[in-house]
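One chain, chain A, appears in both complexes that follow, with chain B as partner in the first and chain C in the second.
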Partner chain A sequence: MTSALVAHQITVHYDRQRVLDRVDLRIAAGETVGLRGPSGSGKSTLARVLALLHAPDGGHVALDGQRLAGVRHRLPAAVRTRVAILFQSPRAATDPRLTLAELIAEPLRATGTPREAARARARELADLVGLTPDLLARRPHAVSDGQLQRACLARALVHRPGYLLCDEATAMLDASTQAHLAAVVTDYQRQHGAGVLLVSHDAALLTRWATRVVELPAGGRPTG
Partner chain B sequence: MTTTAPATTTGARAGRAPALLDVEGLTVRFRLRDAVVHAVTDLRLTVHPGELLAVVGESGCGKSVLAHALLGLLPGNATVTGQARLHPPAGNPVDLLGCGERRLAREVRGRALGLVPQSPATALTPVRTGRRLLVETLRAYGHPRRDADPAADRLAVEVGLDPADLDRYPHELSGGMAQRLVTALALAPDPPLLLADEPTTGLDRPLVDHTLDLLRRRCDTGAAVLLITHDLAAARRVADTIAVMYASRIVEHRPAGALFDAPVHPYSAGLLDALPDRAFRPVPGHPPMLTDLPPGCAFAPRCERATDTCRTAPAPALPGPGRAACHHPLGAPA
Partner chain C sequence: MTDLALPARLRRPLFRPGIVLASVVLVAAVAACLAAPLLWPLDESAVDLARTRLAPSWAHLAGTDDLGRDVAHRSLYGLRVSLLVGAVAALVAAGIGGLVGTVAATCGGRVDRALMRVVDTIAALPHLLLGIFIVAMLRPSLAAVILSIGLTHWLSTARIVRSELLSLRTRPFVDAAVAGGASRTRVLTRHLLPHVLPRIALATTLMVPHAVWHETALSFLGLGLPPHLASLGNMINDGQRSLLTGAWWASLVPGLLLVAVTLALAALTGRWRDRLDPRVRAELHL
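For the complex of A and B:
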């Protein structure tokens, strides 16, 4: 069995417009793949397909050799929790009613982890991503974008995913927060042999962070 | 001791042209139920005609509050002290902090001092199309009726928006399109000074560059821009001068090239080191909470150069452009 998250011949249409046209992409365990391309090239769509959030119109996603059908919430938890995604805007992606501690622990609670164990794991992850305990009791409106994105990263790692997909996840952060989150992801990846996808427009960032870079041209057929 | 930087740069010729904006000792506090937020402290800056000044810092350092203080848009629990004078090329100088809401609303906001706000969604009226908003704004600032429609189209093109998209309602716009629309609205009165608060949020890279270059061109034709951003690469692309803000204070204020070549304040140096094309190393530790600033230099808990003096005596006030607010600034630029 191969440890990889693979997009096979993915085609996606929005309103009769073809966003992705038979795209292949492979993220092997332990590697960091950079994905770049002009706006409208379907980078984010491809990340959403790989995260099983969007069912493609053609092609399929395979996880560690197993062909997957259907979208995320239909799949067994053991499959779902193998792939995590982090978006550019943490505010759009979080429930404003939850405290940061609840936000981080929620995916564990949803899969039946007892409250105390989930809390302990949330504290451990909060420490890893650099959130001080006083911030954990706050809700999203009372923290900065950088602090909220740290919480989202902790949440993404809570199930120890084999694959982490970062869609412009540090684009709105200051340089120091970006470098810190990159270091957290890299450490996690080394420890767990995870595969990472970085969708970014920032050539300097991809050169520094990714182990290889794939170019997705407009119209969505990769060359790399 | 502080270090002087070479003070030559294209746009900022301090001392020659009179300053368009002159801020001295600006301090903003927010009173909460059980704490006081030190949002802006003893801030001093000038912006000259033709200058693009970028204020950079991490989110929550107070940089957005600065823009809102200058525009008189702070909530009721804010206390503002200090001086801020605007000297529009046409018209009388305005004491921004003392002239009162009536004058700000009638003569200053939009017309003399524009704002590209950070969250465009809340700045747009939901029941009007982009075109109607833009035409109303143009007419309010003296554009003749027959000319307003084509002028709206020109502004749309200028900010990278398809004029056809002006006929949509705000909820039909993507975040990036709404961002471009509020930029067009801020440009419509052609203000001599524009405050742009993270104006590229939600834009794709080509549009980020397009917007930054648009701001640069305004300055090249004599207007001025105060760009508030978390993005050092953006500042490097277009700014004449950069003010680095940390925990409510400007800690270094320099010509952009000089700052990138040889930062003087340890925080600026740390921020530059975090860039992916430099060391990609984060500044260790975390910024302090603005409700609970340390007694000495606010950067001391994270600073390698910190001494006992730093931990007890506040860092010296920024004496002016080209200096750092630091007890032990880094060596003089080569």
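For the complex of A and C:
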């Protein structure tokens, strides 16, 4: 069995506009792949396809050697939770009704973990990403973007995913938060042998953290 | 300046004069409705032709109507019936609308298209006519009126719920929940419906006065409640007959009661909706 998250010949159209044209991308366990491209080149769409959230119009995604049929709820929860995604805007990616503690514990609660165990794990992860306990009782509107993105990272790691996709996840954050989150991701990757995809238009960030960088030209096919 | 002098507790929006007034009006109205048979155990339909169209006085606080019935007494009993019809009909409508909207949005595809075409078809028919048709099929009663209003007023709720769910469903926080392993049911009950619920509640409350008016129209046409039964609608219509003789109180009193109670209801719903939104709640320092 090959431990990798692979996109095979992915094609995506939005209203007849071709966004991705037969794109191949492979994220092996333990490696950090950078994905670069101008805005509109389909970086986020490719990340959503790999996160099993968007059904491509052509091609397929394979997870650890297994070709996946369907996306979202067509896949069992155990498969979906193998791949985690971190979005650019933590505000849009969090349910405003939940406290940060509930937010981090939610994926565990959703898959049947008892309340106390889920809470304990949420506290542990909050500590890992640098959230103080007093922040956990707050709701998203009462914390900063950086604090909220930390909570999102904690939530993404809660199921110990094999692959973590970061879609411009640090673009809105200050340099120190950015560095801290990157360190958390690197540590997690080292411990669990996870594959990481960094989507960014920031070349410096990618050369610093990624083991290799793939270029995605506008509407075309990737090189690199 | 007086604002600053008030203790923090009293500066909370819960104690705003408008909210206090609305609560008092509503609590008084509901309490009066519940206690009416105890407070005033006379027959509100008893006719006294020796005392027709008497102006308001100490004996008859709101005067009497063209059949000599006490307007204040009858308004109280009328409010009972009208509020019951309005509230139950609005709940029936919200229930049907919420269910149809949720099923349409979550099933999608053919189910969605079929349900929304049903909604369009019903919306294309005059809803009063459809209501009359439903009442005519049943025996005239409270239940028939409630059913007739409930079955013709769920369309807007269904559309609101469906469109809200469809727009919420594309939000990244739903993607995050799906990626986190949440089932369809959990996404719906934990992340989608709680956001739609305030909307449904608001639509339901706004429906209450509308349902009361609808009951009036049905009663006016002789298809709603029997004319001797007091409802605010029946009374306003009855009162019209006395207007030209100068007896304004026979329709004004039940009319004012209707306006006061429905306005109070609307004010409190607005407050409730604000409380449900966490960001607004933070801004209100609650």
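The working rule: the second predicted complex is superposed on the first by the 223 of 224 C-alpha atoms of A that agree within 3 Å, B and C clash if a C-alpha of one lies under 4 Å from a C-alpha of the other, contacts with A are read in each partner's own complex, and residues count from 1 in each chain.
Note that in this section a residue touches a chain if its C-beta (ideal position, glycine included) is under 8 Å from a C-beta of that chain, and two chains touch if they have at least 3 such contacts.
Keep in mind the model is a prediction, meaning the values are calculated, not measured.
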Quick one: on chain A, after the overlay, do chain B and chain C clash, or do they fit? Just give me the call. fit
Now for A:Ala110: first (chain B), second (chain C), both, or neither, which partner does it touch? second
Which partner does A:Ala182 contact after superposing on A: first (chain B), second (chain C), both, neither? first
With chain A's C-alpha centre as vertex, what's the angle to chain B and chain C, nearest 10 degrees? 80
Quick one: is A:His192 in contact with chain B, with chain C, with both, or with neither? Answer first, second, both or neither. neither
So, does A:Arg208 touch the first partner chain B, the second partner chain C, both, or neither? first
Name the contact category of A:Arg22: first (chain B only), second (chain C only), both, or neither. neither
In the superposed arrangement, which partner chain does A:Pro96 touch: chain B (first), chain C (second), both, or neither? second
When the two structures are overlaid on chain A, which partner does A:Asp145 contact: first (chain B), second (chain C), both, or neither? first
Taking the superposed arrangement, what is the smallest distance in Å from a C-alpha atom of chain B to one of chain C? 7
Which chain A residues are contacted by chain C in one complex and by chain B in the other? 89
Which of the residues in chain A come into contact with chain B in the complex? 38-39, 89, 130, 132, 144-147, 172-180, 182-183, 201-202, 204-205, 207-209
Chain A partner, complex, touching residues on chain C are 171-173, 175-184, 186, 190-191, 194-195, 278-279, 282
Quick check on the complex: what are the chain B residues that touch chain A? 56-60, 175, 201-202, 204-207, 230-233, 270-272, 274-277, 280-283, 286
Chain A residues touching chain C in their complex are 48, 51-53, 72-73, 77-78, 80-81, 83-85, 87, 89, 92-97, 106-107, 110-111, 139, 141-142, 152, 155, 158-159
